[in-house]
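Please find the structures below.
You will see chain A twice below: alongside chain B first, and alongside chain C after that.
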Partner chain A sequence: MARFLAGRLLRAFITLFLVVTFAFVVLRLSGDPAQIIMGADAPHEAVAAFRQAWGLDKSLWEQYLGYVGSIFTGDLGRSMRDGRPAAALVAERIPATLALTIPALFLKLGLGIPAGIYAALHRNSAIDRVVMLVAVAGFTIPSFVLGLLLVLVFAVQLGWLPSGGQESWRHAILPVITLGIGGAAVLARFTRSAMLEVLGQPYIRTASAKGVPWRRVVSGHAAPNAAIPTVTIIGFMFGSLIAGAVVVESVFSWPGVGRLMVVAVANRDLAVVQCVLLLVSFTMVAANFTVDLLYGLIDPRLRTGAQGGH
Partner chain B sequence: MPMLSRRTMLATPAIALATPAFAQADNRPSITIAVQKVVNTNTLEVLREQSNVGERAFKTSIWEGLIDRDWRGQLQAVPGLATAWRRISDRVVELDLREGVRFHNGDEMTAEDVVFTFGPERMFGGAGTKELPPEIPAIARRIWPSLEKVEAVGRYKVRFINGTPDVTIEGRISRLGSEIISRRGYEQAASWLDWARAPVTTGAYKVAELRPDVSLTLVAHDQYWGGRPPLKQIRFVEVPEVSSRINGLLSGQYQFACDIPPDQIAAVERNRAFEVQGGTILNHRLTCFYKNHPVLADARVRRAMTHSIDRNAIVEALWAGRTVVPKGLQWEYYGDMFLSDWSVPAFDLAEARRLLREANYRGEPIPYRLLNNYYTNQTPTAQVLVEMWRAAGLNVQIEMKENWSQIFDNSSVRGVRDWSNSAPFNDPVSSLVNQHGPAGEQQQVGEWTNAEFNTLSGVLTTSTDHEQRRRTFRRMLEIAEREDPAYTVLHQNATFTAKRRDIAWKAAPAFAMDFRPGNYGA
Partner chain C sequence: MNLVEISGLTVRFGAAPALRGIDIAVAPGEALGMVGESGCGKSVTWLAALGLLPGKARIEGSVTLQGQEILGAPAATLDRLRGGRVAMIFQDPSSSLNPVHRIGKQVTEALGLHRGLTSAAARAEAKRLFELVGIPDAQRRLDAYPHELSGGQNQRVMIAMALAGQPELLIADEPTTALDVTIQAQILDLLNELRREMGMALVLISHDLGVIAETCERVAVMYAGRIVEEAPVERLFAAPSHPYTRGLMAALPPIDGPRRPLAAIPGTVPEPSALPPGCAFAPRCALAREACSVAIPPDRLLGAGHRAACLVADDALVPA
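Right, the complex of A and B next:
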């Protein structure tokens, strides 16, 4: 187990290192933050002074080594736009993002998994077809289209809900629904497929033939065996809790991490971008790590390394 | 006689205290304005935030200068925090300060504050309590290249003393960056950043909260010298998507929605409860030429490009006729420096083809570095331009870029690019010299230079002979727009603000939004 953990941790560390390096190189080679932040009309002297003040006049290597060195000392740098610590800027946006993504995750789980199981248990029925039609629609409609559609109906036409902003819990309803519907559709499709595959297995027929009640066959044999692909998708959803709402935050003017990242990338505000990327990568890595552990819990064969045969 | 219970007796003082407060309840409305961007730099300091979006959020509301503009008219110079001004010499301007002006912290504005505003500690860098960001002195020096000092001549009188003769001192006093601050307010701020995020000034509204990239909340400054502000609170919220701004307006969440593209005006006004205001502003859209490009080095090719453009077609097709083709890089508010008989190069395809034949142009590609709608209608305009140039025989190829750094990148050959020029004050020095002269952006990035133009820039800046200045300005326009084109003007820029029709408010011919007494609810 210790070897398993050490391997996973090493892989996570390498992933984080690559993300930081890649982001640094791409951002620094695709634009001069001084010119971008100061604007096209800024005096030449002002741009030069800005560059010098933030060390942008040093070689790329010097900047990179300085940046990596400061990360190891716990200093994630400051925003070049207003001098505030990048970590503080990101930290103050996290609650806003989680206020959307966590309820949306519950919505995805609460809608997607039951719908997928129900559709699988009623395969080829009218309900199955309706569920899959809705799921395909939810899966294929881009979130910005769905968001604007919901705003048009519930904010502009009916006047029931606000169209954007973050002033109250009512402002979160439409963005949460927008985020939730797409994810629920994905989960419903995966859950249905996994369930259908499991329901066709000989051990399900055996359990039924033994006289096990159908409800117990589904809950005790089918659902746990269908869980692995579903858990993988849920793991991805956990991983995107921090950065999975970029588009929705823009459509609904929701001041979360996603919008911060968009603005920071546009301005080449390196410290802020790197800080967000570190956080996002860390969340992804942690989610994947947790999923790996869950696999072991769900499927004893993975825990013991034994290969099952059918 | 009614009996008073112990509970009633205890409650009486509370009721008594609450009554006056109730009597003085603030019934003024609060408004929310949806904008694409509140400020670019996350600060409200005019010496840092020299942008159009910044002007909208804080000019007239927070920041005020000694000489103001007629925001409800044609932007002529009008008394602001100074009631009168006069020339003492070609280097000195004297101003009488308005008495009884109160800063947001309650202090009265005096000559001491004015002197401090233009002093080294706040503007140019020098011994002081705060470390200025390095770009501040550079920006201040561009605004005031030759300012020697500002001196107090009395409690309510100051003199601006320039190092060289300059007829534009009054213009520079009126421009963005020359607004007055409270000395005590500046000194009491814990750091420059704290100051820059909540400056203490004289405007009708003061900063309640700035949430970077999210919102700016202003509240009424009831001691405002111009009367009680009509609004209790103004909230600018950042809504990056056009459709979200419009939807928010239509659903009643916002009272104003800014940065409405021309093609959305009809959609908004289909609902009779709403209207779109605004129009041309002090900003022209240009195409700039890179003179060192092997083909563009020949002025005839650049001239051909200027003659290939049907500017009126662009205005009609992309702006629904709601802007104009101006008379070159100048504005009527230049007053007697405005050259009314000047015009942009005529749309003349035959002339363009003739020039290209003379220049022996053989269809060599000319790169056009383009940002994706940094300016309103930028990308469609570029596509139209490329087709217009193609009609004349020019092979211009669009290269999409993400930021200004990529636009100015020297690692490959440049050709043409987009730009816009403003006129921060009412003189050609503010645009033609500041943007295209020897210290201007276009020459600084190595795009274009012209020896005669540079000599004339010095003359236009320092001469006090009006006729000589007019002649010089005309000659400079001839060089930069006709003989050796540095740029060509496409059209005047315009900005549109959607609002509820029942709100009485008039848009200024500028980005600035005026919510002072007399322009809201009047």
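Right, the complex of A and C next:
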């Protein structure tokens, strides 16, 4: 088990390292931050001074080694726009993002899993078809289209809810629904097919043959097995708690991490973008790592496998 | 009174018939063999009787357990008798056990449902059952998962689970097909022994006449969704009368006497959706007459407990 954990940790670390490196290189090759921040009309000397102040005149290698070194000391750099520490800028946006993504996650789980199970248990019924139709629509419609559609109906036409901003909890309703529906749709489809796969297994027939009532066959015998593939997708949803709302935050002018990243990318505010990417990849990697551990808990076949088998 | 009586049982999946009128009875304590090729309906017969077929199956006819109709009975009634009075074990033991539950728990679940045993009492009884079916180191094995045991051991677990409800009838659906030959014999011996000790009836479903001969007192031969011949086991082997049964026997290697090439039955089993009118075996039958293709041949009594659904059975009965 220790070896398994060590292996996974090493892999997680390598993933983070690759993301950091890739982001660093691409950001510096895709535009000159000094020119963008100072403006196109800035005098040549001012731009050169800016470059020197931020170390942009050094070679890429020097900049990279300096950056990686400072990460290990906990220094994630400063914003080139207002000089504040990038980590603080990002950190103050996290609560706003979580205020959308956590309720949205509950919506996804609370809607998607029951809908998927119900559809599987009533396969080919009218309700199954309706659930799947809604699910396909829910995950094919891009979130910015769905978001704008909801704004059009509930903010513009009906006037029930605000179309953007963060003044009250009512402002969160439309973005949460926009985020939640897409994820619920994905989860419903995933849960349904996992459930159908499991319900066709011989051990389900065995459970019925030994007199287990059908409800208990579903909850006690089918669901724990169907949970195994479903945990992957739920883990992914946990991993996107920080990064999953970029588009929706932009549509609803929600001042979260996603919007910070969009603005920072446009400005080539290097330290901020890198800091967001580091945070996003860290949550993703942490979620994946947790999923790996969960697999071992819910699937005994993997547990002994991870321990070296017999 | 017969323990189970099945009469006029038909099953269709959509347009295709899987069973076309099954009549068979099982007496208390008796061992009945059901033999036939894959897809002939021998498993479907018993899955249908216990209400274990998927919802899209259309089932008609009658199945009684000691006179009480169980076909279409309420779910609660079926749940009580399944695993209680009638237990069933299946072909592939390793995938028939739930991979995420410990095997002890899977047995104690049945003990709780049918005998009201819980916690320590259920665990003690599960251990006793494990020992009864010959699982070594039973106490420790209770906490194992199915993937940690061999196929033969898993089949023993399945049998222990089936015995948990103290059934009057055990239906064993190809219980040895997925197992090594040496393990097959052990499992058959175990089933025989348990049946004698507990006085329960056994229905053994198999495509292997040899397995049936070793274990059963009576045999029903199935072909394309019907029983084509039924007889006490000695009589069936001494005087097989349906040409299909004779074909099955000819395909078995003789244990003594000169070696001879094994005779294959020509042709293939017809698709359920494209059954010929009349006898389903007629297109493959060397003895078929014109009348065979007109109507399904009725059962003919050929001796005590011996019937065959064949127009030429009498003639065929004459020893060659």
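The definition used in the following text is that the second predicted complex is superposed on the first by the 305 of 310 C-alpha atoms of A that agree within 3 Å, B and C clash if a C-alpha of one lies under 4 Å from a C-alpha of the other, contacts with A are read in each partner's own complex, and residues count from 1 in each chain.
The rule is short, and it goes like this: contacts are C-beta pairs under 8 Å (C-beta built on N, C-alpha and C of every residue); 3 or more make two chains touch, one makes a residue touch a chain.
This structure is a prediction, so every number in the text was calculated from the model and none was measured.
With both complexes brought onto chain A, simultaneous placement of chain B and chain C is permitted, the two fitting side by side without a clash.
Looking at the shared chain after the overlay, A:133 reaches neither chain B nor chain C.
Touch criterion not met for A:9: it reaches neither chain B nor chain C.
Contacts of A:225 after superposition: chain C is touched, whereas chain B is not reached. In the superposed model, A:50 lies in contact with chain B only, and not with chain C.
Of the two partner chains placed by superposition, only chain C is touched by A:214; chain B is not. When the two complexes are overlaid on their common chain A, residue A:88 makes contact with neither chain B nor chain C. For the pair chain B and chain C, the model built by superposing on chain A gives 50 Å as the shortest CA-CA distance.
Shared interface residues of chain A (contacting chain B in one complex, chain C in the other): none. Chain B makes touch with chain A in their complex at residues 34, 40-43, 50-51, 133-135, 137-139, 141-142, 193, 196-197, 211-214, 237-241, 243-244, 247-248, 250-253, 402-408, 419, 435, 439, 441, 444-445. Contacts from chain A toward chain C in the complex involve residues 201-203, 205-214, 220-221, 224-225, 228, 298-301, 304, 310. Only residues 30-33, 35-50, 52-53, 79, 81-84, 89, 148, 151-152, 155-156, 159, 162-166, 250-253, 255, 259-260, 263, 266, 268 of chain A touch chain B when the two sit together in their complex.
Within the complex, the chain C residues that touch chain A are 47, 50, 52, 75-76, 79-84, 87-88, 90, 92, 95-101, 109-110, 113-114, 145, 147-148, 158, 161-162, 164-165.
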